[in-house]
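The structure under discussion is supplied below as structure tokens; questions concerning it will follow.
By letter and in written order, the chains are A, B and C; residue numbering begins at 1 in each of them.
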Amino acid sequence: MSKEKAPERLIDDSGLRIDGRRPEDLRPIKLEVGVLENADGSAFIQQGKNKILVGVFGPREIHPKHMVLPDRAVIRCRYRMAPFSTEERKNPAPSRREIEISKVIREALEPAVMSEYYPRTVIDIFIEALQCDGGTRCAGIVAASLALADAGISMKELVSACSAGKVGGQVVVDLCDLEDKYGEADLPVALMPNLSAVTLIQMDGKLSREEFEKALDMASEACRQIRNFQAEALRHKYQGMVDTEEPPATGEASK
Amino acid sequence: MKTSTRCQDRTYLARSMAKPFMPEKNPGREKFVVPGSKLGVIEEFTAGKGTYETDGAIYSHHVGLATTDTSKKAVSVVPKNDPILPAEGQNIIGQVTHAMEKIAVIDIVKIGNKLSPTPFTGVLHISASSPRYEKSMSEVCRTLDIVRAKVASTTDGIIRLMTVGDNLGVLKAYCSNCGYPLALRRRLLKCDRCNNTEKRKLADDYNS
Amino acid sequence: MSATPKTSGMAKLERDAVLELASKNRRLDGRALTDYRKIKIETGIIEKANGSAQVTLGKTKVMVGVKVQMGSPFPDTPNEGVQTVNVELTPLAYPTFETGPPGENAIELARIVDRNLRESKAIDVTKLCITPGNKVFVVFVDINVLDHDGNLIDASTYAALAALMTGKFPEYELKDGEVIFKDSFQPLPINNHPVPVTFAKVGKILVADPCLKEEEAMSARLTVGIDKDDFVCAMQKGGIGELDSNEIKAAVETAINKSRELRGIIMEASK
């Protein structure tokens, strides 16, 4: 029974979290752009044990035709968890949670996409969570916005995302699965960092107003940090294509 | 930059410290940018192609290279990758899915050199189909024909095609009686199976 | 798959008027920016339900029925009862509401109401256990939207809360492991009273309790759930626009103040 797996303490005496991070630490992130052959744009993110693959198709002609919007592109988004992505097998039928997350992710990405440049078309975003370790909606958004950029779709800004929350009485960022499950609060945030625009915010748990403000600020700061990684991942794929003055970044991003 | 958020993956942190793009210090030099990269403020530049302005600052729309035109004081971004979309002036190859009296509907399967597995739909009006007057679409193209056309306009997302031009028109035609490929015999198309003859607006490289 | 919704031509027609007013810090119906429409709460209207309430918020009407039935606990919480929230956007409530399985809007709405109740621990589920790991009470909160004029989230949660607060479940005794229900009832164990406050971003301002026309003109929506001790217990942004963090922080402050007043109304009606 999973009750037995509940950690005794989420924060130890030296103020470190169950995986040894400090409250403001992110988990290691690996980002890779252009990992799929057939998708118009794609990206892969590994964040802690999260492994999420995103493919983008479009702008392309929309079917069924009655969905067409004459003045902009329709954006469609599906967030799906693979049946093997969790401890217990997940039923492959779309759950209510997946349906809600598909919606909030779409609404998190819509403000960034210049959909009015592509009238009467559709942009399809497929997010496949292959392994889930807490914060998959945020990781999905990070990868999805890279996949959109990889498809060459015009955007206002990259959308970055990270959760903050409260575990063991401490406000922390980037909650892992156990912290999400046994912590006091979870606050996923998506941000277009350079425009200071929040495009997703949800919360569950219990936070005082002061704690909430601190968590929001910490999540925003984490988003800014992650945006640098996103830009770096795009640079890694694209810069070498023309600009050879600076050697392309090598190492982790390509693994 | 604030660094209160630490990432355990040091290699990433190190690389993320890359200097931000500062056009005024690198006049005329191209810089790699991503969507949302700040390119300058409106006091220095005007927002050129591939950029936009909001709250007095200019940002990139694309992954690409930002260049500043010092004489015009404009900053623009040339994208590294563009979505494959039918654009005005481009040649496309498509299949006629529906030919009516005055209009043909065409599935665009190739845009420029790139195949498109999920085709866009274009429309060809009889007035844009041929340099001569054509009475009926049945003398220009028929359902199932493969045609090369040029994108005349994409206003409001409606792809209007034209086949006026020597290299434009039907590339492959099929007999409307029996579906057999038609062979070109002295300006007329002949079905070698059922002896039917038909007319089309042909491209100069028909069947080649 | 979630897709950008179509906005009707009618919505576009009305949008300009709403935005024009918003630019002057005014609203269609003359309300102040943080004013709610008139709230009417009736409880105990469905005799066959264990608890029921109808909330009328302006012209929005939502009915909630609570049914309590015996069921099995979740394996990871063997000592706790189960709470489930379901929403039906009934076709009689709005011309574009359709029959069939719940769509993403109904599911999102249900999950926001559920989040408010669950995260504030509104229902004391530990008191709903009959035999640990085997039999517990399941509290079904079924929300029926009857007339839609905006802000379904708040109306639904207030109705759910009122139905739960006035709800009763059977007293029982265990005899040789058998559950024997008595004829008498006891009130549902309600510990907390979460009150969501929903804002719509219209033009550059946030307005509380948006009516349908304001929702059609809004770029984004923000719901802030506040519990009885002024803690934030749930939050949800909706819509295809964006918010800035100062706006969100200000909304939280407004929500804390507003929730006290709204909670008073709900408590009064649920006595």
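Just so we're on the same page, a residue touches a chain if its C-beta (ideal position, glycine included) is under 8 Å from a C-beta of that chain, and two chains touch if they have at least 3 such contacts.
Source: prediction; values computed, not measured.
Most remote chain with respect to subunit B, judged by CA-atom centres, is C. The central chain here, found by comparing per-chain C-alpha centres with the mean of all protein C-alpha atoms, is A. Mean C-alpha positions place subunit A and subunit C at a centre distance of 27 Å. Computed from the mean C-alpha positions, the centre of subunit A lies at a distance of 31 Å from the centre of subunit B. Chain centres here are Cα means. That of subunit B falls 48 Å from that of subunit C. The set of subunit A residues that touch two or more partner chains comprises 192, 195.
Only residues 1-4, 6, 75-76, 78, 104, 107-108, 110-111, 115, 118-120, 222, 227, 230-245, 248-249, 252-253, 256 of subunit C touch subunit A when the two sit together in their complex.
Subunit A makes touch with subunit C in their complex at residues 1-3, 67, 69, 72-78, 96-97, 99-100, 102-107, 110-111, 115, 122, 124, 187, 192, 195-209, 212-213, 216-217, 220. Interface of subunit A with subunit B (complex): residues 21-22, 24-30, 38, 40, 57-61, 70, 112, 114, 118-121, 149-158, 173, 192-195, 218, 221-222, 224-225, 227-232, 234-235, 238-239, 241-243, 249, 251-253. Those residues of subunit B lying in contact with subunit A across their complex are 2, 4-9, 11-12, 15-16, 18, 30-32, 34-38, 52, 54, 59, 61-65, 79-85, 116-121, 156-158.
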